[in-house]
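Take this structure first; my questions come after.
Each chain gets a letter, A, B, C, D and E, in the order it is written, and its residues are counted from 1.
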Amino acid sequence: MTDPNTLSPLDLDTPDKTFLDSNELVINMGPQHPATHGVLRVILRLDGEKVLGLECVIGYLHRGVEKIAEHRTYTMFNPYVDRMDYVAAVSNGLGYCEAVEKLLSVEAPPRAQYIRVILTELNRIASHQLWLGTHALDIGAITPLFYTFRDREEILKIFEKYCGARLTTHAFRIGGLQYEAYDGFEKEVKNFLTFFAPKIDEYEELLTTNRIWLERTKGVGKISGKDCIALGVTGPVLRASGVQWDIRKAQPYANYKNFDFKIPTGEHGDTYDRYLVRMAEMRQSCRIIEQAVAGIPEGPIMAKVPKVMKPPVGEVYHSIEAPKGELGYFIVSDGSTQPYRIRVRPPSFVNLQALDVMCRGQLVSDVIAVIGTLDIVLGEVDR
Amino acid sequence: MLFLDHIWLIPLLPAVGAALMFFFGRRLQKSTVSAVCVGSVVLAFLMACGGVLQYTNWGAANGHRPYEKILYTWLGTDTGHLNYQKSDGTPASFRADAGFLLDPLSSIWLLFVTGVGMLIHIYSTGYMAHEGGYYRFFGYLNLFMFSMLTLILANNYVLMFVGWEGVGLCSYLLIGFYFHRKSASDAANKAFIVNRIGDAGFILGMFFVAWLCGSLRFIDVTGFARDHAATLMGNPIVTAATLLLFVGACGKSAQLPLYVWLPDAMEGPTPVSALIHAATMVTAGVYMVARSNALFVLSRESMLVVAIVGALTAIFAASIGLVQNDIKRVLAYSTVSQLGYMFLALGVGAFSAGVFHVFTHAFFKALLFLGAGSVIHAMSGEQDMRNMGALSEKIPVTFRTMLVATLAIAGIPILAGFFSKDEILWQAWKFSPYLWAIGFATALMTAFYMFRLMYLTFWSPSRVTSHEVEHHIHESPKSMTVPLVVLAFFSITAGWLGWPASLGGSNHFEKFLEPVFANAAEKEAPPANESGLGLTEYLLMGLSVAAAGVGWLMASRAYSNAGKGYTEPIAAAAPPVYDTLLNKYYVDEGYDYVFTGRRKLGDVRLGVMGLGEASSWFDSHVIDGAVNAAGWITRSTATFSSWWDKWIIDGIGVNGPAILARMLSYPARLFEWGLVQWYALVMTAGLVGFVFYYVYH
Amino acid sequence: MNPPVATPFFFYLLATTMIVGGILVITRKNAVHSALALITTLLAQAALYLMLYAPFVAGVQIILYAGGIMVLFLFVIMLISIERAAKERQFNKQWLVGIAAAAALGGLFIAIYTTTTKGKTLFPEGQVSYGESQNTQAIAALLFDRVHGTYMFAFEIASLLLLVAIIGAVVMAKKRI
Amino acid sequence: MHELIDYIQSYLKSNLTPGAAGNIFWATVYILLVFVGLSIAVIAMNWLERKILAHMQVRLGPMRVGPHGLLQPIADAIKLLLKEDIIPAEADKFVFWIAPFIVVLAAFTVFVVVPFGPTHAITDMNIGILFMLGVSSLSVLGIVTAGWASNSHYPLIGALRSSAQMVSYEVAMGLAVVSVIMMTSLQTGTGTLSMIGIVQAQQTSGEWFIFKFFPLGLIGFFIFAIAMVAETNRAPFDLPEAESELTAGFHTEYSGFRWSLFFLAEYSAMIAVSSIAVTLWLGGWLRPFPNLLHGSTWDLVFSLVPGLTFLFFAAICFFNVVRMPKHPLFKIQTMGLAGFGAVLGLIGLVMFVPGVRDRVGDIFWFAAKVAGFMYLYIWYRGTFPRYRFDQLMKMGWKVLLPMGLALLILTAVVAMRADLWDQLRGVGHP
Amino acid sequence: MEAMLHITTLHYLVLGAALFLLGVIGVLTRRNVVIVLMSIELILNAVNLNLVAFSRYWQGMPGHLGGPGALHGQVFAIFVITDAAAEAAVGLGILIAFFRNKETVNVDEVNLLKW
């Protein structure tokens, strides 16, 4: 139990708190707690079950990734980014590779870009699947977890076949891909699409119209688009609040402008809308993959990249739409083989800020639901 | 009669400008500020010209009597609610009007005040262009113009005093314009406080005048004095009144005991020095004495005091001016010295000569100050002459105009100063050769220090310390040089108005002023045998010109080659004298010892602060002691009273019954002591009793 | 209708339980322990009711007392902090007097119960076997029946009392009224 | 020995429950039977829940201990019994120790009045249903004390939640029950609280109370069915032990044997409330369609069902024996499964014996209905998310309670004029 | 000994009296309000026991007061239980309010009206 005196003062509109209010309770949730998705520690101030305010304590998973980068060459650092958002490792790699490519002023060849898009979108689906399973589990629905994990397996199989790894894939190289797609890659991806389309309906059948699910998610953890923007929240959370912002459309990268897809948005910015947005995003990802598979061009998979990379002195910021929001890399080069500084803008970390806003005035159970709906990965929050 | 009828507009115009500045100035553009302020003064100048022109015509038609325009009664009424007895026992009633008086004397002042003021306003637009508080500066300047014109045009002493105080206020504000500098704010305070001494004299003088004459209107006073000249001659009341008025004049015009504020007043911006502390305000004292000439001539003692004070001030200030290094301070002491000349003239009864010197002095001294300002401007703010030199080539307009002014003040013939100064010296010789001697020595010194200034500034080799400053030296803008040129022109020609008869002139100036001083001239200076004294006059004229030449020569010898680290000739010759002069005869220090008390004389503190200390001691020991004693007595009484109340009244009277009641009620209290369980116990006991009774009865 | 089994044994067992429970109630420092002891007493009493062929009262005793009121007690005990109360002095200053008064009352009871008039005790030892099967219905008849409903009005008043008690309790326990 | 058989036979022919008969021996036997049966049921329930839930969630569940994990519950039980019994240092030791026993006691005592058949109850109490509700409400005490005694935040919150939830839903539950008791008064004029009496009333009435005064009986049943899930703290009302929020609720600090007592109590409470529901609305031990499919032939057919069911289970076992991998490693498992199937088949065969099948039919139907409820419990758990606490209380007080009150009044009104009601529906009075 | 084995109404009355006395002692001596309230419950239960015992007694008595239908004692007991419920609810409500204001549960600190 945390001593309340050691807490930093929360800026709260505490309703005339007196020492007689024996209901006022400070509860420490985590870092070892099943619903905090890792080692997040949340200090809750409760009035009965009502949340007066909360504070996130992070850093339990800090590994100093950004500092490590300063002592690795550009190529050597590539695998490290996979360990940040480990459920969306491919997206991390894509962002990093593209940022370095931008710094080097090279561009990956079209074939590489198509394969990149396919893998990244598959990874987005996998990430959303994992989110859905754990989120539903937090709210008490056990079954979706197993459904999503069953289907996620298919995606991981494709990854495994492509690059040999399932989770921390290290799929891309600076300037393109290391591996050519294996034989039957396209067919397997297509098979996956036909396999997966009905599965989304299955998930939705379990939850979308489930009364209890509706009661638990509608109006819970509301946040307005304005607040989202003020807090820098991005990704599905932002879109569920009605802001149509997707970097794939807004600042197209990696060939995304060639694909036809929609940006699903919500209206109310509550947990239910975020659920719907992510479900719709999975379908849109399927569409993108379909188009990409249909249009993979032939050609080389690596651009001409020097063996010893010495990017010109300068700095670059490149961001992509990771499954959880805007994932940005800010790289400062001093002209040597090692980056002078790499700063990562992790979507989970930024989105986590909104937790307090979203939870205030709600109940403890809603905190669980909201942490789930924010879709944070502590590996990325702490880096 | 358009201008005469609306003569009140002349002071009002700058007042409007000032009001605009104070209320809206912060939001106005600099161009708008200068347009409004300079425009109002130009308009005032034009109206003044028109008014004077119309007055000359009107005066010629009305026997040269003063033109008076009364707007309304300001203080008191016609029915006389403020009644009092005059010194001779006749009843009188006090009254002051908001009225304006125009006669030759005020005409002259009106013309040069508005004229010089206008030029300085124009000059200021250039000089102040890069300063903060632009609108504030011009607002103050306009307020000064309003006050000065009120002073000049007032038709009675009271309204004059309003203007008198107004200029004092503006002087204070403008000296302290750079209020963030401590020296400036100190100087402003000094000016204000020293002037208060004079003002006190002025107020007392006014009381005596009112007591004596039964009125404060200039026309009434003058008329009364002239009508009863015979009876009033030697009347101590007159002497007292005039001496007190002269104290006021001393304060305003920086005469001997009270001159100390003027050199310090140079902390203000240079145009202010030129306008207020050289040309206009400081001559207010002269104006006041001249305005009261009818009274002054009735008291020989007063006249003698005025003459002696003037003469002493002249030589005293000039001697200090010999060694000063700050260009503006030299000019400041020069001003004090010249003012001394004027009072010398007034004291010896040569009122018109004094006024003439005021008139010419206004031009060349303003020119000198403005020139000095131009020099400072060129030197990027450097005021020390030791760091100047060889500027004649670089700022030719300034140099030439300043040369003209220097020649004028030194008394070189046909320039303005020659005529006025010569007139004064001549009148002084007629009054007393001793006074002449002082004036003559002063003239010599004047020439010396002025040419010293010219040499050090313009001709000697350059001693500029900073390369950057040297590189920066440049001629001032047109808005500054044009007034210089105009003033230079007047510095040459203004004297020609009073071209003396002895040199074939007609002395229009004196004639013009005759109606004002007619009586005085009659009384004080009986028609002199001018032809008999003609030779003496020429001799004296030659002597003074020679003195100017000698002064120039001496300066030339000493300073024409003054390089860096030059030595002052006086310092070389007599170091103690030099030190004394450089420290201004230790007057400020003396005042600090005696009057302010900032310095201790041994262990004793004198002056105001000494008085304060004494008062403090008295307060803390005598008054407070008495208070404490009273307090102690009260407290002792209260203690006893409290004891009585607590133990006797409360103890026996109040608490006694209460304690008794408590003791008596104790048994009852046993059954009602507020604990619920006790009630339950009693209930149980009751139950036991009841059942027992019920069963065994 | 068989005779009840081992009535004295169960009576003394339950009576002992009740007395011990009662003593624990008034002596325990910790209010939770007191409450548990009281629950034991109440349950034993419910069993005694069964022995007295009053099954309905027994059922009400369990469902209302043990299941309702005592839960309420436990709830309240948990809301207030009892740690401090457990460390303080447990008995008030008049405990000696209180016990004396109670002892006096007890003595009186004993005196009354042992008093005999005409050789018989005040309360004769009446005891009869009576089938319990219709007990509930009989009580319901007393309470609700149109003909025999002696206590109909009282029952309604009791419901009113409960309503007032509910409102009173809510008002009392509300944080801010 | 002969006397003993006579004794048993005399009992079997009597129409009284042991309690009513005052027969201590038989009562003891019944108590032991119920206790053992319950324990087996809980163990079976444990295995079934894991397997069914697993298959709902596309996984296999326990497969290692015994064939298809059949011995998993036993292994678990052994593990729990061998585990260290941790009592937290700051806990109130006595209360901590006694709390699980209160819960278990309450959960098991309920079965005293549960009628598995007309005579197959430990006793038939005049106040049977009142007794059941009362005793089952005692488990709240155990939960509250357990949470409090742990001297920790999560258990305390869990206990408070739990008790609040149970107390709240008891009210709605009671109202639903009272409506049923009113229905029992239709034939005799005076109703009954006796469990056996209620079933008999359904028998007399000719229809289960779930269909009585359609839809009033159904509504009552649904109120009870929801309330009983809440009463037993099961999904979707499993807030007191919501693991994502409160770790494990009131029994967070418990471990080992004491924890298994809670576990036991939870499952037996589930069975108990299901028994109440079955007794009150689903005709208790009565076989389906007694009116529609009556006659001796149908009686025979229905009396064969228990045996057939067991044979069916045995068949499944044998089918799976065939499907077992033919690897030496699986030899023992295969044999075990076959043995299990054989036991089941033997039981099935025994149940075809006429004397047995007549007596066992009641118990079978009762158990089958309860099993249906058990399956529902598992199904809920697999499908529903969890309610939030305020939503749960809202539902209890603002939905179920008003509904129960309205139901009570409607039932009373309708029951007063039951004749009119039956005429309306065209059903003649017997 | 024979009297001991034959359970009569008097046995119940004595038990009731004992419980009553325990309750009275609790009410009179304990400081903790919660326990005082519990003691009151004890008193009420003692009364209930007496009532039910008397009910049983009257069932065995002849006359219009007695007979099998003489269940008035039990009805009274039910009313007493109702009262007890009301008393507990209000009493505990007051207790909570009191605790909020004074942070104590000691009955001898309930002395605000004394001042």
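Quick note on the criterion: contacts are C-beta pairs under 8 Å (C-beta built on N, C-alpha and C of every residue); 3 or more make two chains touch, one makes a residue touch a chain.
Predicted model, so just to flag it, every value in this text is computed and none were measured.
Counted as hops between touching chains, the shortest connection from chain D to chain E is 2.
Chains that count as touching both chain B and chain D, per the definition above, are C.
Set against the C-alpha centre of chain B, every other chain centre is closer than that of D.
Of all chain pairs in this entry, the one linked by the most C-beta contacts is C-E. The chain closest to the protein's centre is A, with centres computed as averages of CA atoms. Taking the mean of the C-alpha atoms as each chain's centre, chain B and chain E sit 104 Å apart. Centroid to centroid, with C-alpha atoms defining each point, chain B and chain C lie 106 Å apart.
In terms of their C-alpha centroids, the spacing between chain A and chain D amounts to 45 Å. Rounded to a whole number, the gap between the C-alpha centres of chain A and chain C is 62 angstrom. Each of the following residues of chain B touches two or more other chains: 675, 677, 681, 684. Within chain A, the positions touching two or more other chains are listed as 21-22.
Partner chain D is touched in their complex by these residues of chain A: 1, 25, 27, 33-35, 49, 136-143, 145-147, 150, 206-207, 210, 212-213, 215-216, 363-366, 368. For chain C in complex with chain B, the touching residues are 92, 94, 97-98, 101-102, 104-105, 108, 111-112, 115.
The part of chain C that touches chain E in the complex is made up of residues 7-8, 11, 15, 18-19, 22-23, 25-26, 28, 31, 34-35, 38, 41-42, 45, 48-49, 52-54, 56-57, 60-61, 64-65, 68-69, 72-73, 76-77, 79-80, 82, 84-85, 88-95, 97-99, 101-102, 105-106, 109, 113, 121, 123-128, 130, 135, 138-139, 142-143, 148, 150-151, 154, 158, 161-162, 164-166, 168-173, 175. Those residues of chain B whose C-beta lies close enough to touch chain E in the complex are 673-677, 680-681, 684. Listing the residues of chain B that touch chain C in their complex gives 675, 677-678, 681, 684-685, 687-688, 691-692, 695.
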